[in-house]
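Heads up, there are several structures right after this.
Two complexes come next, and they have one chain in common, chain A, joined by chain B in the first and chain C in the second.
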Partner chain A sequence: MNWKYWCWKLVTIVIFIYVFSAGLLIPLKPGIEEILPSRGRAGEKLGLQIKAYNTSFTKGSIEVFIKSRDSFWIKTKDLNIADDRTLSANFNVPNFLPDASSLSQYSIIVSSSYDGAFVIPGKLILSQDSVNLTEAQRLWSGVDPQFASLSKMKFPYRNILYETIRNTFFHVSLWFAMFALLGASVYHSYKYLSTNHLDHDMKAYAQVRTAILFGLLGLATGSLWARFTWGSWWTNDVKLNMAALSMLIYAAYLILRAGISEIDRKARISAAFNVFALIAIVPLIFILPRLTDSLHPGNGGNPAFGSEDMDNSLRKVFYPAVTGFIMLGFWLSGLLYRAEKLHLRIEDRLT
Partner chain B sequence: MNNKFLLLWLLPLTAGAQAGEDFMRSSGKIHVVYGVILIIFAGLFAYLIRLDLKIKKLENKQ
Partner chain C sequence: MINPSGLIMQQQITFVFMLPLLALLSKEFRNEWRNFYQLGGLLAFLAGECYLIYFFTGKPELRQWNLLYWLTYLFLSFFIGSRVYDEDQTRYRVIVHQLVHPIDLFLSKVIYVFFLLSTVNVLIWLMFALFIPSVHVALGQWLMLCVLLNLGMSVLIAFSSLLNAYAKNNTLFLTVLILPLSFPLLGMTFQTANSLLEGQQFFGELSKIRLIAGTDLMIVALAFFVIPQIVRS
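On to the complex of A and B.
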């Protein structure tokens, strides 16, 4: 057995086993789905119905807090646990709120010795008739309470996304792998233009073909994901349209190749096209969505993978997933290249 | 080649129609993740089959 030939392929398989098992088996953190009612008044009793996800309210001891933006908080008076995912918490909202306006947003924090602490930020709106900050600071506690913490690795909970946050490992990795393949193909196209060696042309062609497969899969998986998070198979998001446009550019590459029969001419023209194609799609996919607004995280001005969208638990699976898909891409394109090369060799022998 | 891959577009559509809205949204939308994985596998296998056919053709030529 040729060790060098198989080693990185085995690594690819191991990475994929890790990505699929960790990506699917690690549970989500608990989170609050919704609270009812979402409004309350100062000086009144407030009975909050809390619906949560991935929680076990019947186990461990639970405390519920209302927290202001400036970290003043009150604790629940008493609570009723209906089942593992629902509880109602009763509060006596003090006469004054720790906020200078009559209407302000408050966060709800549930702290459970079994599930850890989790929060729904800014969901509760409290109102007051008159502002009295000094009195409010006496009525509300300013010292941070001790929240229960959980050491187990779990993926972040996001409303609307729920379990589909796992698609980050599959859908996003496909696009990373596509760009790695396109980058490599441009390198080979450049090599072909400078050396006129057909090997480079075949490599570039195989890599573009595989990149197109990954791109189409990226569009299809993204479409399914969008249907159940954004509510439509296709939205007018810039990134979507530009990704579709870049697929069309590469479809043109395939058509161009199919249209030229002379091998050297085909190789030279398609190599030049390939170099320009990548130069064209970089601004389409990376720059344009950042200039305008996009539903994709990290667009509309902000850098991708800020701590809001990608936390350390996701990174531990996401980076291996990207590596795995890139390696799989090179494996697949390598097979296609070898088939193409055999094809050329057989043609040569026959003629 | 592209015609075959374009069929992949139909996959999420049929999955959504057959399984129904509620099913896809149940259990924390985990079925959406399964759907995505299914699409990826379908694509990879389509690629594999095409490659297989290509190599078969080469073998026949030889």
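On to the complex of A and C.
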């Protein structure tokens, strides 16, 4: 057995087993889906119904807090647990709020000895008739919250995304792998143009075909994600459409190859086109989406890979996923290259 | 101290170097003049399209006007692209490549296409001004943007036409090649043109202008790197 040959393939398989098992089985952190009502007044009794996700309210002890922007707290007076995901918390809201304006946003924090602490930021709006900051700070200072922390690895809970946050490992990784393959194919096209060695052209062709497959899978996983989070299979988001256009460029590459029968000429022309194609998709995917509004992270002013959309627990699966998909891409393109080579050899024998 | 004889010699060398290029360019212009009906067809197409736009849309909004302008430009650039290397059949190519360097031939095509595209830009502007005059933007600023776009587009069109000549040599195939490759440049130009139409100044949009210029540079550099490899055989 040739270990050098099989070693990296075995590593790819191990990475994929890890990515699929960790990516699909690790649960999400608990989070608050909804609070009702979302408005209240100073000096009144406020009964909040909290609907949470992935929680076990019936296990362990629970405390609920309201927190101001400047970290002043009040604690729930009493609470009723309806089921694992729903509870009612009653508060005596003090007569004054620790804020200079009459209307301000407050966060709700639930701390559970079983699930840990989780927050819905700025969801509760409280109002007051008159402002008295000194008195408010005194009334809101009596609480010193202690939160239970969880040692288990869990993925972050994000409103709108829910379980689809796991798609990060597949959708984003597919695009990363696609670009790695396209980069490699341009390298082989360049090598073909400078050496005339047909092997390089066959490698470039195999890599482009694999990249197109990954690109189409990237579009499909993106479309699925869009349906869940944005409510539509396809939106007029600029990045989405530019990605589809980049696939058109490579469709043109395939058409170009199909249009030329002479092998050397086909290789030469398509290698030249391939070099141009990668340069064309750089502005399409990386520049144009930044010039306009986009729903995608990293475009239209949205952050990408920040703590808001990618925490350390996600990174532990995301980076192996990217590596795994790139390795799988090279594995697949290697198979395509060998098949093409065999095909040529058979044609040579027949003619 | 300037050595006058050296300066004259340098000018002579430059002139000798430019001679094939000038000859090729004059060939392109003479060819166009002899087949003037083709240019006439282009003008008739433009006039017809502008009238149809006027007839069906009346007075379009700024963004629609902008989109229609660049769509018209795109159609006409296909038309121009289909003629760039159309005489370049294999038999003819063997003769031409013995007379002039393929890069000179390509360069002359690029310059000629650039000239045609710039003319088309002015013509579309005039036709739009005649039929759908709903936009007020300085022609000078608009032309500067067009020149910037045409730098890259002329190379892309000549390059695609060359690939087409080496492959199937039909218009549909050429369209398949040009459309996706030209979209990044056209997309960025469309965005910048939108800003100009909304009242921004050309030099106030330097970040976008730089992106277009950068893409132009990349396209030009790549073309002159790749073309010698294509025609090497």
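Basically, the second predicted complex is superposed on the first by the 346 of 351 C-alpha atoms of A that agree within 3 Å, B and C clash if a C-alpha of one lies under 4 Å from a C-alpha of the other, contacts with A are read in each partner's own complex, and residues count from 1 in each chain.
Here is the rule we go by: a residue touches a chain if its C-beta (ideal position, glycine included) is under 8 Å from a C-beta of that chain, and two chains touch if they have at least 3 such contacts.
Keep in mind it's a predicted model, so treat the numbers as computed, not measured.
Once the two complexes are laid over each other on the shared chain, residue contacts for A:171 go to chain B alone; chain C is not touched. Of the two partner chains placed by the overlay, only chain B lies in contact with A:332; chain C stays clear of it. Touch criterion met: A:292 reaches chain C, while chain B stays clear of it. Once the two complexes are laid over each other on the shared chain, residue contacts for A:25 go to neither chain B nor chain C. In the overlay built on the shared chain, the residue A:264 is in contact with chain C alone; chain B does not reach it.
Taken together, the two structures place residues 251 of chain A in contact with chain B in one case and with chain C in the other.
Residues 1-2, 5-6, 8-9, 11-13, 15-16, 24-25, 27-30, 32-33, 35-37, 39-40, 43-44, 47, 51, 54-55, 58, 61-62 of chain B are the ones that touch chain A when the two sit in their complex.
Interface residues of chain A, counted against chain B in their complex, comprise 20, 24, 28, 53-54, 161-164, 166-167, 170-171, 174, 209-210, 212-213, 216-217, 220-221, 223-225, 227-229, 233, 251, 254, 332, 335-336, 339, 342-343, 346, 350.
Against chain C, the residues of chain A that register as touching in their complex are 193-194, 242, 245-246, 248-249, 251-252, 255-256, 259-260, 264-265, 268-269, 271-273, 275-277, 279-284, 287-288, 291-292. The residues of chain C lying in touch with chain A in their complex are 159, 163, 166-168, 173, 176-177, 179-181, 183-185, 187-188, 191, 208, 211, 215, 218-219, 222-223, 225-227, 229-230, 233.
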